[in-house]
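Some structures to go through are shown next.
You will see two complexes here that share chain A, one where it goes with chain B and one where it goes with chain C.
The block that comes next holds the complex of A and B.
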């Protein structure tokens, strides 16, 4: 992370100094990869756009129908419901993960011993298969015998006798809880990596001036960390918006439509209702939103962090 | 790199260590709990109140083996190895080119790669399903390998490029002045220095493929069942086989456990797509 404080212009000079002439060589190097990405990414994307303008049900693509699929989608209460579910999920989970992660990073940045064991272990939730995350919490929160269901929810009379994932009122919050469990440790370690890369000079100077630790945090740490916090927060925001596997295994979007995010809805439209036209329209809208988020991430990371 | 031990608050170290350990234990508890379920008899599993002590049993393991779950393990392993190898072979030159050379429209190409990485898999699975059905790639090894390229090739190029940028360009320039060919420069100068970055990024690709669920579930069909896809199979008409699920789940966790200890610092860089150098 040293590049935040002292940009290393390696790539720029490299690009200027090595082969000054615009040759065919770099294009040859990227050709196989770009060809592959055109096949597995660009063509599927263009095909989705094509599908979204056609009547396509049960796998049969028929007439061109203009924006009809989009019109149907935008008039569909289920679509707007899925947007609001995703918004609730993201806007509750991500800020909590962010705050707890920042606090955790500050704690870890104290003189904590045994980091070489603690840090890898805290990476576990972020690195494990989402399907296993789902399995873990299905076990912990299973109706009647689940460890947390019995020892917490039932003992304190919050939700006795049933699994929290079967409750229309609480299922979404249980999913948010699982997301927080999974991602707070990673946020903590990412922020910690940023803290470790901060230069010590300003802290020494502030200590000489008699600043207390709160002042050091608000006047030194926070300003220097802002771009990094923004980039990591935005990335988490994007990832949280597309969570699929965990929700699919834990609630499948239910009960009813109470945890049905756009990802779950698009999947149901495709593989349950076989309404491919409308599902494609939904996919295109989600895709456009993601491209917007991605370019913001790219700009911030490139300009403020000098990362790319 | 600043070491926290330089900072003045050193004396309270044990207090903060204690807090961190307690937090880690809370985070890891569900994993421990699932691990115990591998050897827990069914009556102890469903006991109310929660039963901490029990006589261990191996019945869940034998059921899993009887049902042939080791074949799913093998499928997973083969698929992840082949797709990761392919990513390394075609992605390494591209990452190097993006780090070192000027190209027309480089920024746009680069954003296209990021877009491929970030695209929600649910959006991709629709066109993949229809296209694969047409060209006969559904339920095939090749089909899934191709589908995994979408997120892993783009990821690999993006992250390895950040490793390339960390290398001093002077060595390559010196080699160029010596009259070495471009291929020689790449093989003898760049590759040895880049080896750790290649391994770290490739291992992350392997794990992403290992963990992948949706593509394998929708495009793999009966013929290509990976370990994650096999877990829901244990929700049977006779009830949910929790102990067996725990066995398969822990098996799926083993490579991850190895990787977190080996990769450590590279994980932050990987998961932030090179934005934060851990």
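The block that comes next holds the complex of A and C.
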């Protein structure tokens, strides 16, 4: 039996207060958004699965072919190449964004002068439409006439005779650089918001106990920030793996296939080759991989990091 | 009285002679008005791509509406959008557009998908088919190879996009440069006629910042050549038709079997690779739009480019080098007897899902009619002819730079639409990647030929429709 002093959860109260005949009311309220989700998300997803088991070329869906599309895809070196490029992209870009974002957030949290001006400025890259980011960096790094190519790379003889986006050796790293430029400030601001929300009590207690800054960071800040770090890290990981717009604008997946991620390949298979069956199989495979990864990550984050 | 009769007869005879040339024109005019009567008030939607040629054409479309009472919603989109949007509409079966402009290379996949309406029944219908259209006046090679598959006709011909050789008369005519070139290579400096000469000129003019070019110190690096090198675009067709075929190789044989891995292809790829070393470092990013921009800005000595873009650049107020350019036929391999050149004969087709095929067919004939074509070239003060008779028009014979039209004609004389290959896009994509990798030195020419052949075989063993 609950004591008088124990608060009654708000949801329970609301449910108890609803007359039996009005118990459908909450469902009515969420129905429009659920309906929208089903229409724009679930149905297309189920249709993608359906297409992946059919011969679908040039927009015409014909025979059921079982796992043939999957078999073709899994035997295609180009598919594995795209996975390895996306993996390289993600495993370089996201940790760097994460580390720089966290360092930046800790610096911002020190009451640096001009913070109120700096914060809106930091939002700018993340606020830019991907096409703007692409065009901006095209202008910056275009071979021979790009602003940075001409004024920095050419002037100081860095990578002579090379155009970064046209080089199979550098194009992917240039794209990673652009991604880091765009998303580090977002990570920084997300982490900064988290730091601002931390309670001051533990820090005061630690200060009384004589803890230094590093000890406070490792024993207080990091454990308390872990849920947020895990969520932001996961979201960024998913987003980075799906990157499409900037690559499409800056390199189109080339030179050769050196920057062709699964999203670029899927787009090509769908809208250039009109090979919709195989493109659907690719989308489903990527989704399965993500689902498995996110499930494992969720379990680990929940049990070991106390996140979620 | 007899005298009066004689005078009247003479006047009648004179007026008949004087008005005779106008009579066929009037008959033609009345054909479209007459044929369109049942369709008066109908609206047709047409999708075309935007180039200076289509912009000029836009000015005369209202005349069709006035003449026939058929309304035309004329939409112009850029090259890539017109391909994506046009194909999506055709393949979806929605039929929003009645007619869609297709490049020659799109025909294979679209015909194999059944997305294009054959015109045979419409051509055979005397109420709809203009007997005076004069299809024999169309430049035959591009028309026949683009519009027909076997005995089925899918279109007329609308745009004869073609590539030409482009260089700088001021540099090639400079006395110091000429002397230095002769001393180094042993022959006179002139617009290249062979690939080997083009390579020599490219090598000769590739210079670093600070070196002299035509007596003046360079403020930035100067390049011997600029070519299209972007993934996709027309990079691979440029390599295929101008290089591989001129070296005696090909992508497929007459039966459609892949035949890329030959010594001729390897030799062509070697030249391709060598030329890339004299090009700006960003060549692998250069599209068909960037190439004329580089030439117009005076960054390179020579190029192979699409002539319709040249028309937009070699103009006073657009390029500081306007009037100093000179053009020529696509260079061929030294000693080669046969000549090939990249062209993209393009057509406007009726979508299989069109709800208005008859008025659309009338419109397509009207577009390709000599009267409209003459007007198009006169309004554009030049253009890219689709009719043999257009070469004699004053806007072309009196053009400031006659070498441009000589070069265009030389390409169009041998121009062919791409073979109709259902898997053209896959082939195009993988081969343009190989063209880049060979150009950048990531694959040797031998490896490129071998990889190209292997990739082709993965896609098709018989690649034609």
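Everything that follows uses one rule, which is that the second predicted complex is superposed on the first by the 261 of 308 C-alpha atoms of A that agree within 3 Å, B and C clash if a C-alpha of one lies under 4 Å from a C-alpha of the other, contacts with A are read in each partner's own complex, and residues count from 1 in each chain.
Definition applied: a residue touches a chain if its C-beta (ideal position, glycine included) is under 8 Å from a C-beta of that chain, and two chains touch if they have at least 3 such contacts.
As the structure is a computational prediction, the values presented were derived from the model and not from experiment.
Undergrad: Kindly classify A:190 by the partners it touches after superposition: chain B alone (first), chain C alone (second), both, or neither?
TA: Touch partner of A:190: chain B, not chain C.
Undergrad: Decide which partner touches more residues of chain A, taking chain B and chain C as the two options.
TA: B
Undergrad: Return first, second, both or neither, reflecting whether A:295 touches chain B, chain C, both chains, or no partner chain.
TA: First partner only, chain B.
Undergrad: Would you check which partner chain A:60 touches, where first means chain B only, second means chain C only, and both and neither mean what they say?
TA: So A:60 only meets chain C here.
Undergrad: With both complexes superposed on chain A, which partner does A:271 reach: first (chain B), second (chain C), both or neither?
TA: It touches chain B and chain C both.
Undergrad: Applying the touch criterion given at the start, work out whether A:206 contacts chain B, chain C, both or neither, answering first, second, both or neither.
TA: Neither partner.
Undergrad: Both chain B and chain C contact which residues of chain A?
TA: 59, 142, 144-145, 150, 271
Undergrad: What residues on chain A touch chain C, complex-wise?
TA: Where chain A meets chain C, its residues are 57-60, 142-145, 149-150, 161-163, 165-168, 251-257, 268, 271-275.
Undergrad: Can you name the residues of chain A that touch chain B in the complex?
TA: 1-3, 8, 10-11, 13-19, 22, 25-27, 29-30, 32-34, 36-37, 39-45, 47-48, 51, 59, 61, 104, 107-114, 116, 118-132, 135-137, 139-140, 142, 144-145, 147, 150-151, 181, 185-186, 189-190, 193-194, 196-200, 203, 207, 213, 228, 231-232, 235, 238, 241-242, 244-245, 248-249, 262-264, 266-267, 270-271, 276, 279-280, 283-284, 286-287, 290-291, 293-295, 297-298, 301, 305, 307-308
Undergrad: Show me the residue ranges of chain B that touch chain A in the complex, using the header's touch definition.
TA: It is residues 1-14, 16-17, 19-21, 23-24, 27-28, 30-31, 33-34, 37, 45-50, 90-91, 93-94, 96-104, 109-116, 118-131, 133, 146-147, 149-150, 153-154, 157, 161-162, 165-169, 172-173, 176, 182, 207, 210-214, 218, 228, 231-232, 242, 245-246, 249, 252-253, 256-257, 259-261, 264-265, 267-268, 271-278 of chain B that touch chain A.
Undergrad: List the residues on chain C that touch chain A in their complex, please.
TA: Per the stated touch rule, the residues are 84, 87-88, 91-93, 109, 112-113, 115, 220-221, 229-232, 280-285, 299, 423, 425-426, 429, 433-434, 436-437, 440, 442.
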